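Order of writing sets the chain letters: A, B, C, D, E and F. Residues in each chain are counted from 1.
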Amino acid sequence: MKNQPLGGNEQPRFSGSGTFMRLPSSENISELDVAFLGIPMDIGTSWRSGTRFGPKQIRAESNMLRPYNMWTKAAPFDSLNCGDIGDIPINTFDLKDSVDRIGSFYDQLLLEEVIPMAMGGDHTLTLPILRSIKKKFGPVALLHIDAHADVNDHMFGEKIAHGTPFRRAYEEGLIKPDLVYQIGLRGTGYTAEDFNEARNWGFNVVQAEELWHKSLEPLADQIKNKIADHPVYITFDIDSLDPAYAPGTGTPEICGLTTPQAVGFIRGLKGLNIIGCDLVEVSPPYDQSGNTALTAANILYELLCVLPGVKER
Amino acid sequence: MKNQPLGGNEQPRFSGSGTFMRLPSSENISELDVAFLGIPMDIGTSWRSGTRFGPKQIRAESNMLRPYNMWTKAAPFDSLNCGDIGDIPINTFDLKDSVDRIGSFYDQLLLEEVIPMAMGGDHTLTLPILRSIKKKFGPVALLHIDAHADVNDHMFGEKIAHGTPFRRAYEEGLIKPDLVYQIGLRGTGYTAEDFNEARNWGFNVVQAEELWHKSLEPLADQIKNKIADHPVYITFDIDSLDPAYAPGTGTPEICGLTTPQAVGFIRGLKGLNIIGCDLVEVSPPYDQSGNTALTAANILYELLCVLPGVKER
Amino acid sequence: MKNQPLGGNEQPRFSGSGTFMRLPSSENISELDVAFLGIPMDIGTSWRSGTRFGPKQIRAESNMLRPYNMWTKAAPFDSLNCGDIGDIPINTFDLKDSVDRIGSFYDQLLLEEVIPMAMGGDHTLTLPILRSIKKKFGPVALLHIDAHADVNDHMFGEKIAHGTPFRRAYEEGLIKPDLVYQIGLRGTGYTAEDFNEARNWGFNVVQAEELWHKSLEPLADQIKNKIADHPVYITFDIDSLDPAYAPGTGTPEICGLTTPQAVGFIRGLKGLNIIGCDLVEVSPPYDQSGNTALTAANILYELLCVLPGVKER
Amino acid sequence: MKNQPLGGNEQPRFSGSGTFMRLPSSENISELDVAFLGIPMDIGTSWRSGTRFGPKQIRAESNMLRPYNMWTKAAPFDSLNCGDIGDIPINTFDLKDSVDRIGSFYDQLLLEEVIPMAMGGDHTLTLPILRSIKKKFGPVALLHIDAHADVNDHMFGEKIAHGTPFRRAYEEGLIKPDLVYQIGLRGTGYTAEDFNEARNWGFNVVQAEELWHKSLEPLADQIKNKIADHPVYITFDIDSLDPAYAPGTGTPEICGLTTPQAVGFIRGLKGLNIIGCDLVEVSPPYDQSGNTALTAANILYELLCVLPGVKER
Amino acid sequence: MKNQPLGGNEQPRFSGSGTFMRLPSSENISELDVAFLGIPMDIGTSWRSGTRFGPKQIRAESNMLRPYNMWTKAAPFDSLNCGDIGDIPINTFDLKDSVDRIGSFYDQLLLEEVIPMAMGGDHTLTLPILRSIKKKFGPVALLHIDAHADVNDHMFGEKIAHGTPFRRAYEEGLIKPDLVYQIGLRGTGYTAEDFNEARNWGFNVVQAEELWHKSLEPLADQIKNKIADHPVYITFDIDSLDPAYAPGTGTPEICGLTTPQAVGFIRGLKGLNIIGCDLVEVSPPYDQSGNTALTAANILYELLCVLPGVKER
Amino acid sequence: MKNQPLGGNEQPRFSGSGTFMRLPSSENISELDVAFLGIPMDIGTSWRSGTRFGPKQIRAESNMLRPYNMWTKAAPFDSLNCGDIGDIPINTFDLKDSVDRIGSFYDQLLLEEVIPMAMGGDHTLTLPILRSIKKKFGPVALLHIDAHADVNDHMFGEKIAHGTPFRRAYEEGLIKPDLVYQIGLRGTGYTAEDFNEARNWGFNVVQAEELWHKSLEPLADQIKNKIADHPVYITFDIDSLDPAYAPGTGTPEICGLTTPQAVGFIRGLKGLNIIGCDLVEVSPPYDQSGNTALTAANILYELLCVLPGVKER
C-alpha cells in the first residue's frame, strides 16, 4: 500500500507531523514516486524577504488538504507513492553556495526515478534544479507561471539572484526555448526588451493582460499540443497570482491571475510529461492569515494530480 | 413606525450600540417580523477556531451599513419590523448541549411569526435550527452556499460537528432532498461519493468549478423555478466565498465565489418564500481588518432585502 | 535629461529616499511637468481613520515600481519631467483650515504648467483641489472612480467632509455636470435619490453592478468620445476597488472593481486632456501587508502613463 | 438591588451586550451613582489616529472582568449603582464643536449626583470635562497620569488639541495648580520649560525616571496627604504605561510605567474624594491582540474600586 | 549517545522537523527519560480560543533553542534521553471525551519511567494528567503558576472546563493540599472565597501583588524546603506572565509575572523531585510575532533543566 | 545655525521627509559632526529575516522625536551638526561583498571628523565598521549590548555572519579586549565556553541575569572608570531588550533588559569618548505596531545625547 496522508479522523488536523499533507517523512527515496521537499531560502530576494519560512508554513497549511480531487476525480495517492523528504540544508549566508548545494542535492536525488516537488524559497532555486534536470533529461520544456520574467542579466551586478534564473537557463542550454512558456508576466520594467528579448530567443511570453477576465484552459490546450510528450518542468511563482489571492509574497504585482484561472490552467495540463515542479516565493510574514501558504499547498496538490500516472476514480 | 437602524448623522458610526446595524435591541419578539441573533460558538470546528467571536464582529462591522439597497431599491426597514434579540446562551464546553440549547431557543422563537437571521458561529448550529424549523414548517427547501458539503457521517467519531449537519438533516427528514441546493462546493475530499452520495439522495450539488468566471443569476432563476413557493431556509457559509474575499474563516478553500457572484445570486432569489437564514463561520482572529465580518454583514443585509414582503422604492 | 526614478541596480529597493518611485525631491516646481505630492489627512473620515499615513506608505511601496509600462509601452519619464514635491502642511486639528490650506497650495502650484498627482488622505481633499483647478481651467470634466457618490449635503451637519465634495463641486460650478462620470458606486444608502439626484444634475453614474464580470474598456471608450479634449480631472478613491484588492481603506464596500478592471479602464483613457489626478483613502493600519498602498502606487503610475504627452517606445 | 455586570455563567463572555463589563445600558442617569460613557474621537491626535474606536474596544475587552477585586477586596457593585450610558455623539469633522458637545453633555450629566467614568478618545476631551466639572465643583485637584504634559500653548497654531488641555485648564482656572500631579512624564521635548513652566504654575511634575524600578505606593500616599478631601479628577492616559504594556496608543513613549506600578498607584488613592475619571488614548488599530484595551478596562475598574463609598468584603 | 537537538550548523533553524527543539521524533517511549508531547485543544476555554494551535507553534519557535543553559550551566541532553512523542489525538468535538483520552494516554505513558512534558492546549488537560499521575505516584505536590486559581466548582454548569481542574483535583484527592502552591493569581473574581476556599483546603496561594517588583527566588527556596523530596507536578499557565511578556493567550490578566521572575523561580526549583510538567494556554492567533510561543518553549526548556538527574558542566 | 529636526508645528509628524528625525538630508559630510546612515541588510541573519527594512522603519518612527532630552537636559542639536546621509548601497545578494562595501564606505566616511550613527540591518555590519574604525583610531574600546555574544567561530561553516563579528574583531585586533563589555547576554548555547572563551580573551561579559530587577547605572559608572578617555565604539543590538519591549527582531531571547534599564545605562555613559555607534537587528515584519522601531529611534537619540560635546540647557 502506498503512503497516505494522515486523515482528520485519525488525528485532528491542527495536530500531527509537520510534513506536507502529513505524509510520511521519507528517508528512502528509492521507494518514492514523488518527493516533496523544502528549499528554505530568501537571500536571493530583492525586495521583501521572509521566504525562508515558506516551506514550513506551506507544510503547516497543507494539513487541511484531503487526498482526493473532488473536481478532476484524481486520486494521486492511489497511483503514486509520495513522501516528504525534508529540507535541503542550504547555506543561508551565501547565495552561490546555496545554489551549489541545491544542485548537488538534486543531482543525487535524480539518480532515483522520483519526481521532485519543491517548496521555496525564493526563485533563485530553480536554476540549480534545472541544471540537474538537464543532466538527466537534456534540455526540457518549461512552464513558468510568474508575474516576472526573471530574465535579468544581473541584479545589482550579480548573475545569480531571484530575477535572473531563466536567462541563465537559456544561456546554459537547460531549456528548449521554443518550449518555454512564461505565463502571467506583467507590471513595470525598463524597456520592451525586458520581455521581448526572451521572445526573440523563442520563449512564448503570455502577459497577464492577455488573460484577464477569462479561463486559461484554452491556453493549457495550446501548450499541450505544442509540448506533446517532451519532458517538462513546471515552476510556479506564487506572485503569478494577484495579491488579492496571494498577499504573502515578496514582490507582489497587481492585476494577476485568480486562483480559478491558475487551477483551471494546471488541470488543463493533464497528459504532459511532467518531470518536476516547484512552487516558490511564499513569504509568511506578509500574510499572517496563512492563506497564501494554503493556496500554495493547493497549487502543489493540483500539480500532483496532473503528474503522469495519476489515475482517477 | 418600524424599527430603523441608527443613522450616521445621529451618532458617528464608530459609536453607538453593538447591535446589528444599530437596530434596537428587542426583547419583545412578538413585535418583530425579523429577528437578528447571534450564536457564538466554535467548538464544532475542525481546523481553526475563533468563530465564537463571529457575531460580535459582524455586528460591529454592520454599523457601517445604511438602510436602503442602492441597486435593487429594496427598503427592508420600511416593510419589516426588525430587531436584534441578542445571543443564544450556548454552553461553550459541550457541543451537544449547545445544539440542544439552540433547538430549544428556536422552538420558542418560532412560536412567533418571525424570520430568524442567525449570525454564527460554526456550521453545527444549522442542524438544531432545521430541527425547529421542521416542527413548524415540515421539511423545507434548503439553499446551502458553502465550500463544503458538510454531509460527513461523523468527524473523529462524532455525529455532531460542523461537517455533518446536512447528512443529519437528510436522515432526520428535515429537508426535502430534491429541493436542496448545495452551491460552491469544491476542494479536496476522500472519494467522489463525498458529493455524489448526496446527489443520490436528490440534492442538487453545484460545484464551484461550474460557476467560475460567470454570473450566478441564471442559477438563481433555475432554483426559483424549482422551489417555487415552498418554504425555504438559506444557510450561507462565509467560506463559500474565495479566501481573497473572506480570509477570516476557519476552513478556507481556494477557488471560491466572488462577492459579486454571491450577491448577484442572493438578489436573484427575490420571490422565494424564505422562512429563515443563517450566516456562519466568520472567524475574526484570522482577518484583523474586519473585512470578512463586513462582508458577512452585507450578505445578511442582502438576504434581508429578498425576504417576503420587502418592498422597493 | 529628465528626472528618473532611482533604479534597483543602483540602490536596493528597500533603501533610498522615501519619495514617490524614488524620484528626485523637487523644490523648483517650474522645472516639472508632473508633481507628485502628499496630502496626509484623515479628519474628514466618517468610519475608520488612518489615511493620514497614506502618502507615506504609498511612497514606501512605490519604491518597487520600475519606469516602463510593460503592457502599454508607455515610458512616462522619457517624456515628462516628474518630481516629488513633498506634502502639503495641512492642519490636522481643523478640517476647514486644512481645506483652505490645500486650496492655497494648489492656487500657487497651478501658477506653473504642472500636472499635480496627489496622494491622500481622505476624499475631502478633492474639493479644494477642484476649486483651484476651476480658477485656472474653468469647470472641468471629472472622472470619479469610487464606491461612494460623495454627494451628501452634509455629514453630521457638516458641509465639509469626505462624503460631500462632489455636491459642493456641483453647487460651486467647479465641474461640468454632463462631463462627470461616477464609476463603481455601490452598497447601501438612504434612498434612490442618493445617486439619482446627481443623475438629475447631469452626472453619469455607473454603478458597480453594471460592470461586474467584464472589462471596463468599452466604458473608457465611451467616456473619451464624450469628453473629447475638454480638460478633465481624475479622482480615484481606492475603495472603488473591491476590498479583496484593497483592504486597507476606511469605508470598504464589497462587490467592487478588480484591479484588472481598474487598470484596463485607466489605460483606455489615453488621449484625454488630463490636467490633474488624485488617489485617496488608503488607510495603512488596515492592511499591514502594504499591498493596498502598492496598488495605489500602481494606479498612480498608470495614470501617469496616460497623461498628455507621454510617448511609447 | 444595584446593577450587576452580566456573569460568565449566565452568558458566555464572548457574547452579550457591548456595554462596559456587560452592565445594564442606562437611560435614567438619576438612578446611577457611576456612569460609564464613551467619547469616541481621534481628530485631536497629532501622530497615529484610531482612538475613535477606543470606547468600543475597551467595552469589548471589559467583558472578561468579574465584579470583585481579589486583592483590595473592593466590591464596587455592592455599593454603587453603575451603568453604561453610551457615547457622546461627537462631531467627528470638527474638533471645536466636539469639545463644545462634550461640555454640554457633561453640564447636563453633572446635574445628577453621578460620577462620570469616560472612555476615550483622544486627550482633548478632558478640557471640556474639566470645564463642566468646575461649574459644579469649582477648581479641582487633578491627577494626570501620562507620558506627556499636554501643556503646549498650541499645536500647529491650534489652541485646542490633544497636547494642550492642561495649559487651557490652568489658564481658565479649572484646576488648583498646587493640587495638580502630572505623573509619568518623559521622552523628548523642546526645552526644559516644557515641564518647568507648569512646575512654576504650581504643578507637581513627577517624571517617569523618578519612578523607575520601584513601587508608586509612596507617591500615592504623599498625594493623598496633600489633596486630603478636596474634590479630585483623575485623567489616565494609557500612554503613561510603557508601550510593552500598552502598545495600542497613538503617541507611545518608551520607558514608561508598568501595570503593577500603575495599578498599585491607583489602589493607593483609596480615600480621595474622586468626582470623575477618564481613560484616554487607546488606539485599537495599533494593538490587534486587544490587550491594550483590556488594560484600559482594568484601569477603569481599579479606579471604580477606589471611588468614594466603595466597600470591601 | 543520547538524543540531541538538531543544531543550527547542520540545518538552518528555519528548516528541519517540527519537533520540540528539533529532537528526534520518538516512537519507543521506553528509551526515553523525558517525553515532550502536545495536547492540542481549546474547547475548554471560556473567552478567546486558539490554543489548539499551541503545540504546533511552541514546537516551531523552539527550533531556535540551543542545548546548553548559559546561566545555570545545565546540560540536560547530556543527562537525559529526550524525545518528542507527538500529539495526543484528542476529540476536538467533545471535551469530556478528550479528558478521557488524555487520561488513557497518560495511563499508558506512565507505565514507562518517563517524565512527561506536555504542551497545551487549554488548562482542562491538567486534570486527566493528575488523575494518571495519582495512579502511579499517589497524591502529589503541585506547583501551579497561573493568573487564575482554576478552582471553580463549575463553569456555565459544567464540571469540566479550563477553570475547574484544581477543585476537581482536590476533591478527587489527586494532590496533597498543603503541598499545593498557586503562584501569580490576580485579577477580578466574585468573592474573596475564590482564593480563600482553597486556602482553607490547605493550598498555599501567592497572589501576584505579593511578588511585584522583586525576585521570586526566595519563594522557590521556601517551597523547596516545604516539599522536600515529595513527588511534585508542575503546571505552568502562560497567562501567569504579564500580557506584555505573553500576549498570545486566551484569558490575559494584567499585572502578572515578568519572564525574569518566572525563569528565576523555575531555576530556584532545582532539587525538587519533579515527575511531570505542562505548559498551557498559548493561543497563537493572538500573538502573530510568535514570541509568546517562544517564551513557552523557553519555560519548558528551563523546566527541563531542573529535572532530577540533569547535570551541569 | 546647525541642522535642526523638522518640528511638529511646521509639518505634521506623519508628513515630511523620511530622514532620521526629519533632519536635513546631507550630501556634504564635511559639514557634519554626526552622520546618521542606514545599512539595510538581512542576509547575515540565521533565523527570522526582515532587518533589511529596519533603517526605513526606524526613520519613519523617529519622526515623533523632539530635539530636547527632558530628563538629562541634553540639547544635542545645539552642539552638533547632524544629518542623515542615506543608506549604504549594499549588495543584497552577497554577504561578503556587502561587508566589503560597508568597509569602503566607512573608510571614506571616516576621512571626515564625523561620528557615524548606523541603523541596521543585521549585526554582521559591525565587523566592517570596526575594521574602518581601527584604521583611524587603532583598537578601540567596545560596548556591546546584546542578547548574544556573537563570537561564534563560524555559522554553518561561514566566517562572516551575524553571529561571528566579535570573534573576528578580536582576531583582527580591532578592539582592546579588556575594554570590551558585552552586556545583556543570555539564553541558550552549546557550552560554557560560548561566553567564557571571550572572558579568557579579556572581554567583560555581563549576563542579563546579573542585571535583573535593578538599575544599570552602577554598571555604567564602573565602565566609565575603566575605559576613561579611550575611544569607544557602541553597538546596540535591539534584542538586548526583552521581547516585551522589542518584539520586532530576528532572534529574540526572553528575560532581557527593560527600556528603563537600557536608557538609564546609556545616560550613565556621558563622558565617554564615543567615536561611533550602531543600532542593529530591528525586523519590521515582526512588530507591526512600529514600536520596536520607535524604541530603536529612541536608543539612537539617547546615544546622540551622550556624544562628546553635547551640552545641556
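To be clear about the criterion, a residue touches a chain if its C-beta (ideal position, glycine included) is under 8 Å from a C-beta of that chain, and two chains touch if they have at least 3 such contacts.
Here the structure is a predicted model, which is why all the values come from computation and not from measurement.
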Joint neighbours of chain E and chain B, given as chain labels: A, D
Pair exhibiting more inter-chain C-beta contacts, A-B or C-D: A-B
Whole-Å separation of chain centres (CA-atom averages), chain B against chain D: 41
Inter-chain centre distance, chain A versus chain C - centres from mean C-alpha coordinates, in Å: 37
Distance from chain E to chain C - Cα centre to Cα centre, in angstrom: 55
Shared interface positions of chain B, touching two or more other chains: 12, 14, 46, 48, 52-53, 92, 155-157, 213, 242, 244, 286, 288
Pairs of chains found to touch, sorted by chain label: A-B, A-C, A-E, A-F, B-C, B-D, B-E, C-D, C-F, D-E, D-F, E-F
List of chain E residues in touch with chain A within their complex: 10-12, 14-18, 25, 38, 40, 52-53, 55-56, 59-60, 86-87, 89-90, 92, 288
Chain A residues touching chain C - in the complex, by the definition given at the top: 46-48, 154-157, 185-192, 194-195, 207-209, 212-213, 242-244, 247-248, 251-252, 254-255, 286-288
Residue numbers on chain C that touch chain D, as the complex places them: 42-46, 48-50, 52-53, 91-96, 155-158, 160-161, 285-286
In the complex with chain E, residue positions of chain D that touch it: 7-9, 12-14, 64-71, 73, 75, 213-215, 242, 244-245, 258-260, 263-264, 288-291, 294-295, 298, 301, 313
